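These are the structures, in structure tokens.
Look for chain A in each of the two complexes below; its partner is chain B in the first and chain C in the second.
And then the complex of A and B:
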């Protein structure tokens, strides 16, 4: 057994143990902390599968952002009344048995490889040079499956609209109910002053390097959102009301530019979301920069939740 | 057994854990958490299954990787929506349970009207 395979086995044991603990934990708080650790461990697993782009996204969004979102909800639900009745023991046994069957079925599917393995990887590599991109994943996201990427941004905005729509009528267009812990000269304030400059540089770097190396608009946008949330939670910057025009402009600028370039492709190139030859890379970089901003704002606002206060005049 | 198969089996087990939590845990928030566990297990299985096709001198197949990235972002959007719904339920009824026959449903019709 080599060191690497021992590492893999240890990693899998850790992932399964912490994953199980998020299900088994009695306290919701314990479960969420477990979930964040689980997200980070899972991203190491993705690195081991040489999917660094996925690892970055999993660590940033799967672990960090989701963890923060659920943690905020746990803090509020402490006030909740009403006890849930746990499922009875026979029901839990039956459910456990059936879930084990599902897992076993998947395991069998993994252990029995198919005869012919379908893959698009050779085609991706063959035509990647034309787009001027060095990162095949970015190539898939912005060239071959650009429509998926565009629609995904629309999904983010739709989810945000859904979250906003849950606000009562009286506070529509108000300020999101993000908890602010404004204590001057605390560690939080210090970190909120220290980290954002570094974080913003990291976000810009990730967005820029995404064309060649692992990274890109999603990962950069998440880092931007995290920095924004940190500054707002520390009370250094006010949470903006959702009716601010600049906020809404930032939200849509990415998808709108993406769509505009896509539509221009119908005239200048041959198809919707096609890039004119020779201009692919600059156009993709422009789309990525705009998307990074939009993703950052959308993720930040999704984490901030529906409006809860009316804006002070 | 190579590393990819090991992580694939790990993903299969995670799907089982997540499904179990989703079915048996009564709290909505824990159900959301379990659903995320289930989702990440599915991503891992998908990533491993498609990685067998790793060709052209790449470590992995870029097409499924791009799909998993999209999926993670969409899962986050769905989670945010689900949590907003749970918090709204709390705001409206003062409770956070999916148990319909639990008392306290007298003021549920105080909606957005």
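And then the complex of A and C:
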């Protein structure tokens, strides 16, 4: 047994253990921490499977952003002091049964693979050169299946609209109820001053490198969102009200530019979302930059929650 | 037998219309979001009618040519790229949903209209954007030729539909919306897992390519089961219907209409695509009977519970649970016993017609219920006395919708049930005929309860809280009349449903 396979076995045991303890946790807070750790471990597993793009996304979205969203929900639950929210026994049994069935189904599927596992990977690589991209994942996202990517960004905006629509009518257009811990000379303030320049550079790098290496708009956008949230939570920058025109513009700039370039392809190239030959790479990078901004703002605002108070004059 | 690796199709003339059908709503959503609530309704009032015109042009094209329209997105053919395809089913559903959505938009002007010069308000801003998003998502469901594109489409649909449920912000509607979200997300994840398994087995998600490669093996069967259960949850097929009644009954009237009439048809359409187009040979007699049994259980359960409701909107919501059941009766009836394949026969036509006729009728009924609520300030069925004199046009629309649900001629419901009954007789499956007839009886029962209460004289003079705008009544009545006259499609365009079906390529221009 090599060191690597020992590492893999250890990783699998750890993932299963953390998964089980997350389910068994009685406190919501403990479960969330378990969930975040689980996400980080999974991203290591993805690295071991040589799926670095997936690993980055899992760490950023699965562990980081989702963890942050659920933590926010737990904090709100504590404030609300609702009635006993523990699910009843039949519900828990039903959930367990369903999970077991899905797991059994997946086991059947995975344990009886077809003789030759077919894949599109060679075809993806063969045609990638035309676009000037080096990262096959970016190729799938922005060349072959650009339509899906474009519309997923619209889904993100709808999700944000869904969160906003939970606000009371009286504070519509107001400021999201992000909890701010403004204490000058605290560690948080120090970090909020120290990290953002580094984070912004990392985000730009991830977005830029996404065309060639693992990375891209979603990962870059998440880092950007994290930096923005850090600054806002530390009270160094105010949370903007959701009616600000610049905010709305930033939210849609990515999909709008994507859509415009796609439509231009009907005239300047052969089809919708086709790029004129020779211009594919610069156009895709332009789209990625715009998307990074939009995704960053959208994720930051998703974490900030629905508007809770109107702007002070 | 065509070679499994030959790329199936190329962009046809007018294929660009399909792109437009997805781009227009997306552009509307983005534009409204950035320009703000004051413009959202204006943008929708331009785009939604254009969407209707676009759908009729596509319908005309498909009908005239007898072939499907295809567009290869990004000039990358499947399996690498994505194809959009409009066959007869897509074209017919697109037109029907465009009609319902336009009528809902007219109806919604009263509740979500923009006051000139006022600042952006929450509910109108959200409503118009979500309505356009639903329109775009439905078009994508109808046109998407790739299982992952369809996943994005139902995600779009879910995130557009859930906020509509709790648009008025009451605590119980929040709870209903959250329950809906949980069911819908569970459905999404099951569908996604199934899609991943299919990709792992066949290295394509394109519907046409997949249909040539797919065969019964463990991974495929698991994938088919997972995706189907996921879509059942989103379609609210019994016993996964638990989220539907509170969500559809609690939403504002315009939202209820679009949720009950349009949104559940999206996931249903994907089930049809999956089983009729991707793997028609995989369901088999047992699976088909199981689908039918769930449908029958939905009809009986939904109808019986509807009969016992005190509140009008809940009654209509449970009626939706029952009517969804009819949609699944077509699976055992469309199964060709000799080849064990699902075939695009009369049963499929009947099922799709049922979907369209339910959409128009149910939207009209929810609108009527909304107007009754506005006038009376409540929707208790027992206290509806005198309402038929106060707003006769609305009650008439409600009754006409009921006529179609029951299946009286010449309504679309009549033709749909006729085709299904015919298939039941032809295939010797009399038990589904009994279920259908019993369902009709139940439906007449709850329609009778509501209407007899509505036409009864009121004990004391009815206090009308507000006058109902005429155009709202007209919108409901138009949809009800559409549903009533839908049976007349038997004289002509009904054949379009067969265009592009592999087993009936002979259908030519009429």
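The rule is short, and it goes like this: the second predicted complex is superposed on the first by the 288 of 313 C-alpha atoms of A that agree within 3 Å, B and C clash if a C-alpha of one lies under 4 Å from a C-alpha of the other, contacts with A are read in each partner's own complex, and residues count from 1 in each chain.
To be clear about the criterion, a residue touches a chain if its C-beta (ideal position, glycine included) is under 8 Å from a C-beta of that chain, and two chains touch if they have at least 3 such contacts.
Keep in mind the model is a prediction, meaning the values are calculated, not measured.
If you stack the two complexes on chain A, which partner ends up touching A:106: first (chain B), second (chain C), both, or neither?
It touches chain B and chain C both.
Go through the superposed model and pick first if A:291 touches only chain B, second if only chain C, both, or neither.
In the superposition, A:291 contacts neither chain B nor chain C.
Applying the touch criterion given at the start, work out whether A:269 contacts chain B, chain C, both or neither, answering first, second, both or neither.
second
After lining up the shared chain so the two structures overlap, which partner does A:120 touch, if you call chain B first and chain C second: first, second, both or neither?
A:120 sits against chain B and chain C alike.
Applying the document's definition of touching, compare chain B and chain C: which contacts more of chain A?
Per-residue touch count on chain A favours B.
Quick check for you: in the superposed arrangement, does A:224 touch first (chain B), second (chain C), both or neither?
In the superposition, A:224 contacts neither chain B nor chain C.
For A:148 in the superposed arrangement: first (chain B), second (chain C), both or neither?
both
Would you sort A:169 into first (chain B), second (chain C), both or neither based on which partner it touches?
The answer is both, since A:169 touches chain B and chain C.
Applying the touch criterion given at the start, work out whether A:18 contacts chain B, chain C, both or neither, answering first, second, both or neither.
In the superposed model, A:18 contacts neither chain B nor chain C.
Now for A:249: first (chain B), second (chain C), both, or neither, which partner does it touch?
A:249 contacts chain C only, not chain B.
Across the two complexes, what residues of chain A are contacted by chain B and by chain C?
Overlap of chain B and chain C footprints on chain A: residues 102, 106, 109-110, 113, 117-120, 124, 144-145, 148, 152, 155, 158-159, 162, 166, 168-169.
Inside the complex, what are the residues of chain B that reach chain A?
It is residues 3-21, 23-27, 29-30, 32-34, 36-37, 40, 43-45, 47-63, 65-70, 72-81, 83-88, 90-91, 94-99, 102, 104, 112 of chain B that touch chain A.
Which stretch or stretches of chain A touch chain C in the complex?
Where chain A meets chain C, its residues are 102, 105-106, 108-110, 112-114, 117-120, 123-124, 127, 143-148, 150-152, 154-155, 157-159, 161-162, 164-169, 172-173, 243, 245, 248-249, 251-252, 255-256, 259, 262-263, 265-266, 269-274.
Touching residues of chain C toward chain A in the complex: what are they?
Chain C reaches chain A through residues 11, 16, 19, 22-23, 26-27, 29-30, 33-34, 36, 71-76, 79-82, 119-123, 125-126, 129-130, 133, 136, 140, 148-149, 152-153, 155-156, 159-160, 162-163, 166-167, 169, 174, 190, 193, 197, 200-204, 217-219, 222-223, 225-226.
Which residues of chain A touch chain B in their complex?
For this pair, the touching residues of chain A are 4-5, 8-9, 12, 15-16, 19-20, 22-23, 28, 31-32, 35, 38-39, 42, 45-46, 48-51, 53-54, 57-58, 61-62, 65-66, 69-70, 73-74, 76-77, 79-87, 91-92, 95-96, 99-100, 102-104, 106-107, 109-111, 113, 117-122, 124-125, 136-137, 139-141, 144-145, 148-149, 152, 155-156, 158-160, 162-163, 166, 168-169, 218, 299, 302-303, 305-306.
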